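By letter and in written order, the chains are A, B and C; residue numbering begins at 1 in each of them.
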Amino acid sequence: MIKRVEINYRGIFQKNLGKKIGSDIVIIASRMGRIGFSNGRYSDSPERNGIPCKYFAFVSHDLSEEELEAECGAKLDIDQCDISVVLDDTMLKGVEPWGWHGVRPINEKVQPNGTLLVVTKRTPDELLEFIAKKPYSWKLATYSGDLSFGGLWVFRDDLTHEKTLGAVAGIDSDIIGIEAAEGYLRYKTPKEPARAEAARLAYEEVRKTVRTVKPGEGVEWKHEIPVLPKWFEFMEGAAVPAVKREFSLGPKGQSRNETFKRGTTKNQRPVVRFDLCTKCTLCWLECPDQCFDQTDDGLYDIAYEYCTGCNKCAQACPVKECIVMVDELQFTDDSSPWEAYKANPEKYTEWAEDRKSTGRYIHPMVTGTGLEFLEGELVPFGGKRASPKK
Amino acid sequence: MATETIVYDKIKGVHKIPLEEFYTSGHRTCQGCESATTMRAFIKVAGPRTVVTGSTGCMYVANTSYMTTPWIVPWMHTQLGAGGSSAIGMAAGLRALKRKGKIKDEPINAIAFCGDLGGGDMGLSGISGALQTDYDLLIIMYDNESAANTDIQATGLSTYGAQTTFTPPGSKHRIMQKRWKKNVAGMLAVGHPTCKYVATACATFPPLDYMNKVRKALAVGGPTFIHTYDPCPKGWDFHPRYSHEIGEFGIKSGLYPLFEIIEGQVVYTYDCRKTAKGRTPVKEFLEAQGRFAHLIPEDVDYIQKRVDDMWEEWDIPGVAPIKGVLKA
Amino acid sequence: MIAEEPKTKNVYEREDLLTGCQAVSQGVRLADVDVIAAYPIRPYTEVMDALSKIIADGELDAEYIIADSEHSQFEIVKHASSVNARAFAGSSGTGWCYGFEALVVTATDRLPVLFLVGNRALDDPGAFGVEHNDAMAVRDMGWLLAWVTTPQEALEHVLIGYRIAEDKRVRMPMALAMDGAFLTHSQHMVKIPTAEAVRQFLPPYDLGEGRLHPDNPISIAPQVNEDWVMELRRQNWDAARRARGVIKEAYREFNAVFGERYSSPFFTEFMTDDADTVLIGLGTVCAPGRTACKRLREKGHKVGFVSLRWFRPFPTIELRESLKRFKAVGVIDRDFAHGSPDDGGIVMHEVRSALYPLKNRPAITNIITGLGGRDVSIDDCIRMYEIAQKSKTEDKLDNFVTWIGVRE
């Protein structure tokens, strides 16, 4: 018997978290007398901020370490898993780690009756509006938590690690048991009972939230999975065609890399109040991903499928409430915001304000030191241009 | 001023920046990658009649995931230490083919970029060789102060005290990165009297400064070199939102001197001397990054002291660590 | 020795006394090379000395770059080649090794640069005599690799080399190897072809859709993950296999233009009709080898000599067909492969594995000789024949490998 756990995380921000979870599953399993090992998807390295990455943990009760290694180890990715953990719920919109990989469903590897385990503040039903349907039934479970982003050197220690261990135990005790998880956490940090308690709470929570997803439940997956060419079907000398030179003003006026878009890197996207824009160019100028298309009226449209959600445009924009970063799960398509604005400025602005709302979070300079929650300001259409940022 | 003696197509305001991209969307760089901005800006102002090589490093591996590319202009990978030699190869080949009538005789820019590991450490002698030729070529060393592509190891250009995977703080040694940052631009300018243009820059601060330096380098002709300071959200451990601010902090604190050396004349493009703009405390820059989280006040004071010394004591601040001549 | 002139026209402009290196420089001049990168190391350096003078005297219009190291030297010509300039470089011994990284990528980028390798023993201690391990280092990297034995052949193989390397079906870098000192520095009369004859044989270099130019926007060698490397290797494997046919074609063409210079492209047989024992070797060892062969024939021994020219691609079928006619084959190695099967040399391993599929294989024996520039005399070669002849009768040799010329 083999138990496979896949941990989906955002590159760098959750690198340490993903690895800690994978490692501790193995340590706890072996404390229970089980065989296990853990590894990451090698080609994710070197990781980039925001890129969807994977870590794995494999556990067996009966196989030898070598058999388990042969079954699971000598592979770059897995074919299926018992549990797929998702450490940032915006990855439910799909994951594309490299070119020619395609935007894959987050539950691609979840086997029949396997579980997609998501840390989120949303309900399973809300999440199902983004997850691909499957021909068989599988399970969806959630446990609550804020976005847990840290850095390479400063780790975000917000108990997401412990919660996830408890949640995994709650879904499948054949991987790790909750008592063993608690015992291990108490043994590791005797002075910090909160860690074991967090695991226990998540354990109980997932047993409540877990629900079966019937065959066909979920969304139709619209992204194609590319077929890799055969050896004689592409140029020799390691040469590949460049992006074709094309430029005009307006949406999609700039030619872009069609075979590797970056959209699944973002967990927030910039929402623009075109009516407040001073045409200062800074969002366009600061964008490291060339996502802004200047329009004939001097505004800047956004090619969302290429936006990585880095926040630089929102930071650079000198006008309050003009560019605001909004959680990616608030959006269902990547269509041009400028076109929507031109079609109906009032309606677009209303929609934009609704997305933005007033509850916001922002990361401090050192990512791992925690989220800052702020109160935004609503600016009605035609309302006075908001005061410049201080 | 020397900088005015160069005849070049100056970009006079942000609204005058060319809109068209030649390094376009769809690359595997980090969120908020400042080096990606460095790439985007140099090719934007160099234009489509350009051939580019990129040394192994982040801007190679992150930018191109096989069978796709973000480059619209011709681009080729070159080896880690081959920034200088690849530029020579392209420039020499094109010159010969034009002279011998094998291709149309027209201006084509040859630009090579390399990181601080490739250019500042391994490739230094190759760049030196390139700067001794008379070919029209530009070498851009994008400096994110680490081997960012192998998960952040220290290089000869990492800031003193920084945590990297080769220099982790420990219970016995708080600071493992004990080397002071190598002054590559200054060294190259001082060592290559016939090289007409060497500059340091930062992609987004001050606005337009870097783009115009690239334009100048290409206009001056001959072999030229630009060293850019590229804040790295991944390795320096700050949120991508603040890439611009971190660069601005570094420059205003005087840690990263911005200058041009044009035919032997130094021009400070952000003058941190007390007699000019002055400096902000390096503390502000260090505190904003997780890689310095382990530093204690004495470490910060030491860095501050060395920066003050560089600006107030050196004969040519930021360029040559020489305080004057002793009588024999 | 040059075979009879082609009837039609005079294809040679003059005859000069040239060293192997100087002969190569004439080949480079005639190939109208565009970019040359130089860095000094004995013994290949003399080709760069000669080329700098040829350029100084205006006999060749080319960029001549004095590099800061072999690594830069090789990268310079690699990138010159990528913008569609015909490029030339070379090296010897540890210099060749210093630039090895660049040599590897020149092959994986499939750039047809021609390099002269003046074979030199590897340090340490610092040595300068001939040994083949330097050039042999690229044998599995996607290179064309051939040894020449006279200055005349050296000049001609610059032209033949570029033609094969630049062929659309091949596009591999070419290492033209020659024995240090014995060939690089010994002077012989060399017939120098006319530019017109060379034009007939060697078409201009055209990288086509593979060239780096603003009119042909491509990206060369983007980073690969595990999804691509195997297919790329497969492409290069195919090119190396296609090269065999292109090589045959090139020699046919060369003979058509310059007269019957080469009886067969990959290797030259000497006195092999009715022979029962042959020696096979690379490079200048063929001179004492053939002479010893002659002397033994005079004494009635049925011996012959096979002078191997092409090592990559290896002429598997042709050599198998040739050697199966003999009872015993003695393989001469001017290289070492410490700890390899039977502790033999590189050439022996390749020859032996080429013969393996035969039902009745000739007896094989291996001679290591001439390392670090040690002389190989006619008498040495007579001894080699004796050893090979002995191997016919003894089914098991107590020492399969014999070192000849070592003090013991």
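Convention: a contact is a pair of C-beta atoms (placed from the backbone, for glycine too) under 8 Å apart; a residue touches a chain by one contact, two chains touch by 3 or more.
Bear in mind the structure is a predicted one, so any value in this text is a computation, not a measurement.
**Student:** Does A-C or A-B have more contacting C-beta pairs?
**Tutor:** Between the two chain pairs, A-B has more contacting C-beta pairs.
**Student:** I'd like the most central chain, judged by C-alpha centroids against the all-protein C-alpha centroid.
**Tutor:** B
**Student:** What's the distance between the Cα centroids of chain B and chain C, rounded to whole Å?
**Tutor:** Distance between chain centres: 43 Å.
**Student:** Between chain A and chain C, what is the gap in Å from one C-alpha centre to the other?
**Tutor:** Whole-Å distance between the two chain centres: 56.
**Student:** Measuring from the mean C-alpha position of chain A to the mean C-alpha position of chain B, what distance in angstrom results?
**Tutor:** Taking the average C-alpha coordinate of chain A and of chain B, the gap between them is 32 Å.
**Student:** Provide the list of chain A residues touching at least two other chains, using ranges where the numbers run on.
**Tutor:** 98, 100, 229, 234, 240, 242, 245
**Student:** Which residues does chain B have that touch at least 2 chains other than itself?
**Tutor:** As it turns out, chain B has residues touching two or more other chains at 48, 61, 65-69, 71-75.
**Student:** Which residues belonging to chain C are in contact with no fewer than two other chains?
**Tutor:** 217-222, 225, 227-228
**Student:** Within their complex, state which residues of chain B touch chain A.
**Tutor:** Within the complex, chain B touches chain A at residues 14-15, 17, 19-34, 36-37, 40, 48, 58, 61-62, 65-75, 148-152, 163, 204, 207, 233-235, 237-246, 287-291, 293.
**Student:** Residue numbers of chain C touching chain B in their complex, please.
**Tutor:** Residues of chain C touching chain B: 32, 34-35, 37, 61-63, 65, 67-69, 71-73, 75-85, 87, 101-102, 105, 204, 212-214, 216-225, 227-228.
**Student:** State the interface residues of chain A toward chain C in the complex, per the touch definition above.
**Tutor:** Against chain C, chain A makes touches at 42-43, 76, 98, 100, 228-232, 234-242, 245.
**Student:** Write out the stretch or stretches of chain A touching chain B in their complex.
**Tutor:** Touch residues, chain A against chain B: 11-12, 45-51, 98-100, 151-154, 229, 234, 240, 242-245, 247, 249, 254-262, 265-266, 280-282, 285-286, 288-291, 294, 303, 306, 308-312, 314-316, 362-368.
**Student:** Could you list, by residue number, the parts of chain C that touch chain A in their complex?
**Tutor:** Interface residues on chain C, with respect to chain A: 108-111, 171, 209-210, 217-222, 225-228, 230-232, 234-236, 238-239.
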